[in-house]
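Look for subunit A in each of the two complexes below; its partner is subunit B in the first and subunit C in the second.
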Partner chain A sequence: MAGDYLGMVVALLALVIVFSLSAKNFFTATTFRTIANQIPDTTIVAVGMTFVLIIAGIDLSVSSVLALAGAVLGIVLVNWGWPLPLAIVVCLVVGLVCGAVNGLVVVRWRLPSFIVTLGMLEAARGAAYRVTQSRTIYVGGPLEAITDTTILGLSLPLIGAILIVVVGQLVLSRTVFGRYLIAIGTNEEAVRLSGIDPRPYKVAVFLLCSSLAAVAAVIRAARMSSANPNAAIGFELEVIAAVVIGGTSLMGGRGSVVRSFFGVLIIAVLGAGLAQIGAQEHTKRLISGCVIVLAVILDQYRRRVRNA
Partner chain B sequence: MPPVSNTLLTVAGVDKTFPGVRALAHVDLDVRAGEVHALVGENGAGKSTLARIIAGIDMPEAGRMLLADRPYRPKGRKDAEAMGVRIVMQELNLIGTLSVAENVFIDRLPSRFGFIDYGVLNRATRNVMAQVGLDRVDPSMPVGSLGVGQQQMVEIAAGLSRRCRVLALDEPTASLTDNEVSLLFAQIERLKAEGVGIIYISHRIEEILRIADWVTVLRDGKVVGTREAAGLDCDEVIRLMVGRDMVKAAPALTGVRSDLALRVIALRGGDKVRDVSFDAYRGEILGVTGLMGSGRTEAMRLVFGADPREAGDIYLGGSERPARIRTPKDAVERGMALLTEDRKAQGLLLSLSVRANISITRLADVSRLGWIDSALESAAARSYVESLNIRCASPEQSVGQLSGGNQQKVVIAKWLYRDCDVLIFDEPTRGIDVGAKFEIYQMLAALARKGKAVVFVSSDLNELMAISSRIMVLSAGRVAEVFEQGAWSEERVLSAAFSGYITAD
Partner chain C sequence: MNRPRTSTGQLLLVSLMGLAVSVVGCHKHPDDKPTVALIVKSLANEFFKTMEEGARAHHDQHQDEYDLKVIGIKNETDVTQQIECVELVMAQGVDAIVIAPADSKALVPVCKRAMDAGIVVVNIDNKLDADVLREKNATIPFVGPDNRKGAAMAGTYLADRLQRGDEVAIIEGAPNAFNGIQRKQGFEDAMQAAGMNVVSSQTGYWETDKAQPVASALINGHPDLKAILCANDSMALGAVAALRDAGKGRSVYVIGFDNIAAAQRLLKEGRILCTVDQHADKLASFGIEHALQMLKGEAAGVDQETPVDLITAEML
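The block that comes next holds the complex of A and B.
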């Protein structure tokens, strides 16, 4: 078990050390506060994405679902003047509905989740523009309490994200539900012929992923003090990158929520570090791209060595 | 028979190790032109490794090989093929989405200005396929739409169609019916007459004694002996292979046939199963056979709810009311189990542990409120690893690393754990070694004695006749005949198997 995480920890520490040596302002509280602020929403969605990848699926719609859920949150809160808890519930329901549509369509018509969630990626984004009339809604006030609350110096979203990681890992590795997901990702037909209907589990996974995107929407809206229908464009790829860096297989059947969290950290540290040493946006993206591929090559190599 | 033919291929002192395993140790082998040299041995004895080395796929660590008295050191499979040494491998090597013709001629597609000449291609393929009796297969059909047995024939046909001096056939008959085996043997005779040296690997000893001139027995990577096939009998080969005397006869059934466990009436579905009705009783092994394409596998899948059925009723446990079975989940909940023909694709979670594979059918019983109790789960897995003698490093080892026989035992374990009343075994002994086969026969008999209804589908008549209580023969999607124990003979079963095709087409 510990060996599973060792490589990720080493990679993360190596990045921190390299950037600390090359940028004198990197190893400071400010940097880490910035990273801690950035990662909760990515982390939460990465947990959902890990589950989807484990059943050999993919969810491209998380970014749009996040934007739509955030937009609805803003409208309910600002235009309708509903209290915050109720607005959050409505926001989560939006996530659930999107996830249910994804999951049911995938299962009912046996379509690849790539296609279905690609459709949702477009549709949910369109819906987000429509409900907001393409305008950003300033929410401020009550939502800021979420980001401003700290316990032992950690912000509420960060604590929530870590909690979701821990629970996600336990569900995946210790529960019947998690075991079925791994089994479905390994060989869905064998699972079906073992007398287990894989369909409800697959739907549940898409529900979970979209709901977590809605949770991330709340955190993002709180951080930005606004609900922006343009929010999180391209975010799905960032999340998938983090999960894949964490060694979760796109072919299904293998993955770890904790390792996905490390993937998120690696991307965040890399981004912050490159910014500190003055790399421009295009250079950052160029390097990030190489890191993603390199990480997966290393992971495969490591696995081959261990299996031999 | 010509007196003594020339040695075509010599293998001398070949060594090969894989991580942790000595696969071959100082192996010698002579293959003569115009003769069939059979390699036998239990799984893991090194037969396939030796064939792969000869075919240039694996590199030996020591030793040398001569081909027609000249040093033979293939750098790869292509290189070996260029020198006239070919292999037809056990694992299918076909591309499912391409047509039969494209697969057969994959490396030498006839073309004009870069465009494939399908007229020439399909004509040539039809000739090749006719040699192995598959003249009814349309060359432009995707290979993936054929059954496993026919796919194997396509693979063999592709190998036979190329000119070569040495041809290695690794388990070519694993999914073939007796009829197809005869066609294959006719082709082997033709190649022999042309002076090709043939290396033939098979678990089926009767087959080897029929076709081989020489038999080399391997055990744990070493040559135990090379004998002329003429003076050999089955028992002696098994004794050499196993290194001990095998309890010969399969266990006689002591259980009495009692209550009705499964009644199938007028089952129809897909394009293979037209009208199948049968009964299976507690305490019996109902053998099921038929030619390839007779609908054996398909009928069992319909019974189990794995495929949708168009018509037919299924009654369980003597009930008057038909059971509602529309999915495998329904079937399992009502006490049925199906061990599929293709254990890797449909039975196992290859990359997962032995433990996870066994517990999957009953996770609810090793968990509390949805949380798996890993102590309970491991204990359950361990008890089956012991009682079924599954050879693995630990229950945590992934199933993909086990041998075929042990993988099959894992599939059996998961269904024993589920404790079903009706167990359907589809080709449970395909591609596994003799020792494991006997263990599986024992398990089937033990299940029947415990009062389970065992349905045993097999294309191997010998094993069917050895352990079945009754044998049902399917032909062209219908039940041709059901034989009571003692009332059958190879000829009668075979003629029943062909009966549906005589009137049909």
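The block that comes next holds the complex of A and C.
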């Protein structure tokens, strides 16, 4: 178990050391505080994405679902004047509805989730622009309390994210539900032949992923003090990259939530470090792209060595 | 250019051309209202949405004078799509085009072609590149604000609150946009005049999400940073979020540009020091009026400067 995570911890430490030596003021409390405040939304969505990849699916719509759920949150809070808890419920319902559409369409018409969620990626973004009239909605005050609340020096979103990672990992490795998901990802036909209907499980996974995107929407809106219909464009690829760096297979049947969390950390440290050594956007993307492929190649080698 | 998207576009264009021919055929009565096409960047961007609404409001009041078409592109930097939009409205036989170009250089040739086809072209918001215009032998009147002057006003207001030699940083707009470059120059003018130390100037591509990591790196990399000058308000929102992430609250001044609704709230709370209003709602109307005058042969197609105003918390 510990050996499973060792490689990623080493990679993470190596990145921190490299940037601490090369970037001025990287190894400071404010840098780590910034990273700690910026990872919870990515982490939470990465947990959902890990589940989706494990059943050999993919969810490209998380970024738009996040934007739509956040936009609705902003409207309910500002335009309708509802109290925060109710607004959060409405926001989560938006996530659930998007997830239900994704899941039901995938199982009902046996479509590849790539296509269905690609459709949702466009549709939910369009809906986000529509409901907000393309305007950023400033929320401020009550919402910011979510990110400003700290327990033992850790912010509420970070604690929430870590809890979701722990629960996600336990569900995946210790429950019947989790084992079924791995079985579906490994060989769906075999699951069906052994008398288990995989469809409800698949729908559940898409529901989970979109709901977690809605949870991330609340955190992101709190962090930005506003709901922005342009939020998180391209975020789905960042999340998938983090999960894949964590060794979860795009072919399904294999993955770990905790390792996805490390993937998120690696991407976050890489992004912050590159920005701090003054790398421009194009350089950042070039290097991030190479790191993703390199990480997966290394993972393949590691696996082969272990299996040999 | 063998992508299927282009061929669909061409197909659409051809069919629309056919349609246009039939429309134009029965449309050229002397008492006819001219059609003005307003081509903006992304309607998903608040600034252009405001511009569109301003244009529609203007049209509502002058319905007997002209017909209005508003066209936006999906992605702010999708130059190809905007060129196709210009070709489309040319095919539709509009009388005037009022355009906020996504790229200062790449849109010049197609605008020139429109002018050669007898269409009046007015450039708003983002000024077309003077060298390319000269090279193409085209004169297109520019109706819009002096972005450099606006940015310098904001920069000067900020400088009054700083000490000579203080560290400041600039978050620029998209690197190929002329208005972005002008705002950067305006900020630099003001910072240089006040003797500030500009430690870094990087692009945030106009967007909150892209500006926020840039701002985080600036804040963490330069602990003595005193101010972040952002080329638009969306990026200022990103900078404010980055300050919260770093636990630095209000110890660093943030200034923006555009005066969007969200920024006004931040101004009141003192989290943004100032912004600049270039009256997006009126910008398109100014352009449309200029085009209508040119159609009547009244305006000679000279540049027209529109107002820019500094907005601070006391003014709200």
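Just a few scattered comments:
Keep in mind that, in the parts below, the second predicted complex is superposed on the first by the 307 of 308 C-alpha atoms of A that agree within 3 Å, B and C clash if a C-alpha of one lies under 4 Å from a C-alpha of the other, contacts with A are read in each partner's own complex, and residues count from 1 in each chain.
Definition applied: a contact is a pair of C-beta atoms (placed from the backbone, for glycine too) under 8 Å apart; a residue touches a chain by one contact, two chains touch by 3 or more.
For clarity, every value in this text was computed on a predicted model and none was experimentally measured.
Aligning the two structures on subunit A places subunit B and subunit C next to each other without any clash. Set against each other, subunit B and subunit C touch different numbers of residues in subunit A, with C touching more.
In the superposed model, A:272 makes contact with subunit C only, not with subunit B. After overlaying the two complexes on the shared chain, residue contacts for A:160 are found with neither subunit B nor subunit C.
In the superposed model, A:129 makes contact with subunit C only, not with subunit B.
In the superposed model, A:196 lies in contact with subunit B only, and not with subunit C. With the two structures brought together on chain A, the opening angle seen from the C-alpha centre of subunit A toward subunit B and subunit C is 130°, to the nearest 10.
Taking every C-alpha atom of subunit B against every C-alpha atom of subunit C, the smallest gap after superposition is 22 Å.
Subunit A residues in contact with subunit B (one complex) as well as with subunit C (other complex) do not exist. Across the complex, subunit A meets subunit B through its residues 174-177, 179-180, 182-183, 186-187, 189-197, 253-254, 308. Residues 43-46, 49, 200, 202-203, 205, 207-210, 212-214, 216-217, 219-223, 234, 237-238, 240-242, 244-248, 260-266, 269 of subunit C are the ones that touch subunit A when the two sit in their complex. Across the interface of their complex, subunit C is touched by residues 23-26, 28, 30-31, 33-34, 37-38, 129, 133-138, 140, 144, 147, 223-226, 228-233, 271-272, 275-276, 278, 280-281 of subunit A. Put simply, subunit B touches subunit A in their complex at residues 19, 304, 306, 327-329, 331-333, 338, 340, 345-352, 356, 360-361, 363-364, 367, 370-372, 374, 414, 418.
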